[in-house]
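Paired with chain B in one complex and with chain C in the other, chain A is shared by the two complexes that follow.
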Partner chain A sequence: MMRKQNFKQQVINLTPFMGLLLLFAVFMVLGTIKDINVAYGMKTIVNQSIVVAIIATGAVFIYTLGSFDISLGASAAVSALTGGMAYNATGNLFVAFLVCIGLAVMISLFNSILASVFNLPVFVTTIAMLSVLNALVLVLIRLNGTGDEIAVPSAAVKPLDTIGFKLVVLIVYWCLCAFVFCFTKIGRKQKLLGGNPICAKLTGISDKKMAIIAFAMAGIGVGLGAFVSIVYAPTLTRNTASSVGMDVIIAIVFGGMPVSGGARSKIQSAVIGAFSMTFLSQIMTILNLNSGIGQMVKAAIFLLVVFVATFNQRNKMLPR
Partner chain B sequence: MKKVLALMLCFALTIGCLTGCGKAPAGEEAPAEGQNETTEEQEGAQAPENEDPGVELDMSKTVKIGVLVSDSTTAESLAFQSYYKDYIASNYNVELVYSDELTDAAGEKSAIDTFITNNCKAVISFSSFDRMAQLEQCAGAGIYYAVATGTLTDDEYAQVKDNEYYVGAIGPSLEIEFQTGYDMAKYYLDQGKTRFAIFGGAIPYYTEMHIYRAAGMLTAMVEAGGGDYQGASDKDAIIGKLFETASIETGSIGSVEILGYVGGYDMDDAWFAKCGQMAQTEGLEVILAVGNGSDFFGSSIAGTDVKIASVDAYATAYGEAMEGGMLDYLAGKFSASIGPIFIATYSATLGAPIRTEDGCALALSQGYWVATSAEQFNEFYAVDSSTEAPAYTKNMLDTLLGTDYATFEAFVSKYSFEEIQTMQ
Partner chain C sequence: MKRERQDKMENKVIVEVTDMTKMFGSTVALSEVSMVVRTGEILGLIGENGSGKSTVTSIIAGMQKANAGKMTYKGKDWEPVSMIDALEHGVGMIVQESGTVAGITVAENIFLGEMSGFKNKAGLIDRKAMNRKTEEILTNIGIDHIKGDMICGSLDFQDRKLIEIAKVMSKNPEVLVVDETTTALSQKGREIIYEIAKKMKNENRAVIFISHDLDEIMNVCDALTVLRDGKIIVTFSKDEFDEDLIKTSMIGRELKGDYYRSDYDGSYSDETVLEIVDGNLGNQLIHFNLSVHKGEILGVGGLSHCGMHTLGKVLFGATKLEQGKVLCEGREIKNEADAMKRKIGYVSKDRDVESLYLNASIKDNISVGGLDAFAVKNFLIFSGREKRYAQKQIEDLSIKCGSMEHYVSTLSGGNKQKVVFGKWIGRGSEILILDCPTRGVDIGVKQAMYQLMYKMKKEGKSIVIISEEMTELIGMVDRLVIMKNGMITGEFQRSSKLNETDIIQSMI
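Then we have the complex of A and B:
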């Protein structure tokens, strides 16, 4: 009986990954039938997933605490625009990289510190921050004085605009996050804090300290995502990364992460979800489904995946 | 955790193998990541085979063409989409693959990646966040690229005119945009109107076409009013002033008055309140809009003598606005205006690109149809919205397939409603 339950639990745990494999298989089969350029398609999928995968990987730390940050996309936009301006001012891509990371971490920490000072739920401060950052995007573009965009010369970023570079960034950052999340006390404390904050506090875990660490990790991801965005498309506008915030939320949930955080949180959810979403989009394009129908199909599959992934979690929540 | 990690590693390796070892479809070299220059192999594989116009083209194979969509909700974009989906796609052996609504350069690049994946042989772009990057990406993959509406700047054209994968651009040039604004303002100035308000659309975002239209309006006012606009009294100076401020100052231009100005598309309560306030300014006679004016100001002027003039496209909503007195003047694109660029693109994919005498890409200008009454609007709209016999029918467009530049240019230059009716 116990063995059967374990097997069932393992199957459910693997559902998001099986979903990704299934989407991969469907993409390959349809691609072969429709004679698409599969090799280029794989590069396209990596390119289209990478920014969301990186940012979402960092965001897992925030979600594990049972919170969420709605301003991640806007933060990435501000970091990218500032990074672009830094490059234009110095001509040094490494400076741009540091500015992206530094600013993103600062914004993220500001969010968590603000929440600590005012003793507000973190997501409340991120809602306020979203408005501030969106306004800041417009200010930065206007300050730059070049009209409606901040453009880094494409020749400057071209050497880095490779699948190899982007995958290295993702893998290195993912390994760092996986290590902190799975093999250090920080990850365990965060899971406990997300699962049962009262119990966590009683055991001496500082929720503020954990929130700061979570946001700092997410900030690094946002900075990396912002830099990869510059590398991929060096013409930055007020809409840069505008969809990233929502895509990150969808990717994390799609990847099997419980919205309530806690012990069932998984660091791999972000990457699985980001790639699953892109495979799904590509499949819709192969089938030439128009945007409206495609969105509806995606929504239906999204609900199905979340339903299956959380099927075994109902009525088993720890008291909060 | 270990199992999941192992599975993910396997998956990553599979993807790595596929991205690294995949083979591009026959006749097309998959570009290296970041590649921007056309390789010799690509040139060999994709170079136009047919330089001789009039040669019969093989249209038996379905050609996939990607369409970059920048907007999927405005009257203009819906009219364009309808012409391609309802008429072109059903009359030519093509499969049009549409992008989602694009909002930035990254979206454009991503959509083109998807088109290349899906073996599209060309991309027609309605999106303009980074046109040079779009072309570079398409050329790198050995597929054709065309700008559907609008034109490149002179500098941009000089950079890309020799690129064999750049089909060209057909649309209102900035000169035509200027003239459109000028004609609109002059229409009312000639009627003796002197008290105006201007809706500046995307001027705060430095959108060139809106700045040029507004500059045309202001130039007409300077000529009629006898004064100057913020010290600028000629076309170039006024354009320069608008680029400097990204806004329009209210005040007098000689005997002409600008009583109000609203720019941007904030679309929040404060912005709509500002629009309403401007429309109800005492003594206001005309609202000149560089884009859609009736949607934002129509209800505020109901029951007054204030006139609204807009630039957009022929859509039902504008007909109703004209009938209801909420729109008085419309300079609108006709949906079939994107027919010739489709033909030029399709022709290129069939091996018969249409180039200038010097072998350069197309850079042709096409203007608007102007309606100043509901009757005139209805006459234009009936043709424009027809899926049986639109302004440019298949028979008309077929004459352009593989034709020479002179014929193509002559066809495109006759864009007024009357000229097109004569051609039919």
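Then we have the complex of A and C:
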């Protein structure tokens, strides 16, 4: 019986991953039936998922604390634009890379320090930051670009605009995050702090320190995401990364991350969620479902995933 | 042994449970339990942690459903869909842990979901009327220091518990379940519950009273049902109450060895390991000085609002003093991290809120205290080392669990408390501050904890026990300080002559 329970728990834990595999299988079958270039489709899926997957992986640290940051997309946009400006000023892609990372980390840290200083929930400061960053995007484009865009020469980024490079960025960053999340005291403290902040305080865990680390990790992801955005679409406009903020939130939950954070948080949720979402969109496109029906189907699947992911937990909360 | 209670006219069966079975996964919480609750009677339920007391009553009160069996209430089939449904029909329950919403007012808690009853002509909630009604309800059960417009989260554990009692009593239930509620209360709070129970009995209503305090349950109850491993073992009537017999029935064997420590040697080292120097904090601590010595079990007693619970947090660095300082071997303790570095551990009175991560595993809850101890280079966590660390605490403290990976919330109260102990003992704490350490813990676990404390004393470790249980303090401590209004009003050394009367004089 105990083995059966553990098996059930394992199945529930694996549900998001099995969902991803199922979506992959459906995409492959439909693609073959409809005689679509599946290899090209896969390349498109990777390109569409990768920025969200990278940023969402870092954002898992924030979500684990039971908080969330809605300014991540805007932060990525500002970092990408500034990175683009840095390249145009220096002609050095590595400088652009460093500027993307540095600025994104600084914005993230500013968020967390602001929340610490004013003792506010971090998501409150990120709401304010979202407005500031959106305004900054417009200012940067107006002052430094043509008025509508900041363009990095596509020849400069072409050598990096490969699936291999983007996957390497994602894999290296994910491994770093997974290591910190699963094999260090930092990751453990983050999970416990998200699970019960009062108990965490009484176990000597500093919420401010952990928030700063979480935002720093997320900042690195935003910076990497911004750089990959430049590589993928070197003409940067006000729409660059505009939907990333919301996509990150959906991807994390879609990937099986508990919305309340805590000990059951999973670092793999971000990548699973990001790719699942894109597969789902592609399947909708193949089936010629108009965007309205597609959105409704997505919403239904989203609710189903959250329901299944939290089902076992709800059953276990009963008193004895 | 099982006694058939007489079916008097005035003691009709109001609730009957027949062959009730409840499973939690593979764990059998109740196995074909049958029992009756009668009007005009206070029925006690007693048993070790995990014996099924809370399970059977929570099913009666609509909190959860049984897997098999039948219930009747007032002679009709009884299947409440929720606690609200049960309460509306006359079965109310005051649960063991906190059941109030922190961010809203006392009145909003009491009338949660029913505020529409206070709508004025404009369709708005008349808060003044709601507050007035709340205070009327509170006064009716003898509570006059809580106001309707107070924010629940600003009140202490005891007051929040009293609000729950008021909420249930506002519905005038026919059957009231009191599930280990008194362990959270001071004597005054307990008296309120006892009065309610007596009143309900006199009005020919029924009370099911769950407690681990044998003296209390023997005083309050008219009959006593003992559960063990999810089964009814025996039901005693009042004239059959016998402490030893009840204890034996509960644990299924004779309680061997000492319960409290048996010696009256209250000696300890002169070396001061922890002290508070001229501490001031509102009306909770006033020019407060106290030293804890190496190898000492120091008891702190008093009425609930005397400041003793605050003292525990101050000693651990969790609550800052307005003036004065806390020193551990000469070094100031400014926060919890400082305290942990100095090998101080703190067990909170409010276990589920302040001491446990309920959504985390047993392993996580134990190992969080020992991250410094088993992490490689004080940074890396390897699963094997962590599991061995947690397993040692599980074995040393005999924590009953199917797997260390199970959620800690699935454990009984006593085993949860053992997990909290494991968190601090495992990391080699030299000083333990224990605030009501045996609250909601059964007699067998209590004995194990008392013996553990005594063993730690013998090893030269220091323990501060903050407790509202006089017998526990008298039975265990080398030195006892009594607090009143943030000050020490009495100090007693361990002695065979020490009695509750002397101590109470210092409290009131």
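Keep this in mind: the second predicted complex is superposed on the first by the 313 of 320 C-alpha atoms of A that agree within 3 Å, B and C clash if a C-alpha of one lies under 4 Å from a C-alpha of the other, contacts with A are read in each partner's own complex, and residues count from 1 in each chain.
Keep in mind that, in the parts below, a residue touches a chain if its C-beta (ideal position, glycine included) is under 8 Å from a C-beta of that chain, and two chains touch if they have at least 3 such contacts.
Predicted model only: the values in this text are computed from it and were never measured.
Within the superposed three-chain model, A:N37 lies in touch with chain B and out of touch with chain C [touch as defined at top].
Of the two partner chains placed around the shared chain by superposition, chain C is the only one that A:K185 touches, whereas chain B remains out of contact. Within the superposed three-chain arrangement, the count of touched residues of chain A is higher for B, of the candidates chain B and chain C. In the superposition on chain A, A:P197 contacts neither chain B nor chain C.
Residue contacts after overlaying the shared chain place A:G262 against chain C, while chain B stays out of touching range.
Of the two partner chains placed by the overlay, only chain B lies in contact with A:Y232; chain C stays clear of it. With both structures placed on the common chain, the touch criterion links A:V46 to chain B but leaves chain C unconnected.
In the superposition on chain A, A:L21 makes contact with chain B only, while chain C stays out of contact range.
Where the contact sets of chain A with chain B and with chain C meet, they give residues 182. On the side of chain A, the complex with chain B involves touching residues 10, 13-14, 17, 20-21, 24, 34-48, 147-149, 151, 154, 158-159, 161-164, 167, 171, 178, 182, 229, 232-243, 266, 268, 271-272, 281-282, 285-286, 288, 290-291. Those residues of chain B that touch chain A in the complex are listed here as 1, 3-5, 7-8, 11-12, 14-16, 18-19, 21-25, 28, 30-31, 33-34, 36, 72, 95, 97-98, 100-101, 103-106, 108-110, 113-114, 116-119, 129-130, 133, 136, 141, 205-207. Of all residues in chain C, only 24-26, 29, 50, 54-55, 58, 63-64, 95-97, 316, 318, 335-337, 339-340, 346, 348, 353-361, 364, 367-369, 371, 375, 378-382, 402-403, 405, 407, 409-412, 423 touch chain A in the complex they form.
Only residues 1-2, 4-6, 182-185, 187-189, 191-192, 195-196, 198-204, 206, 262-264, 313, 316-320 of chain A touch chain C when the two sit together in their complex.
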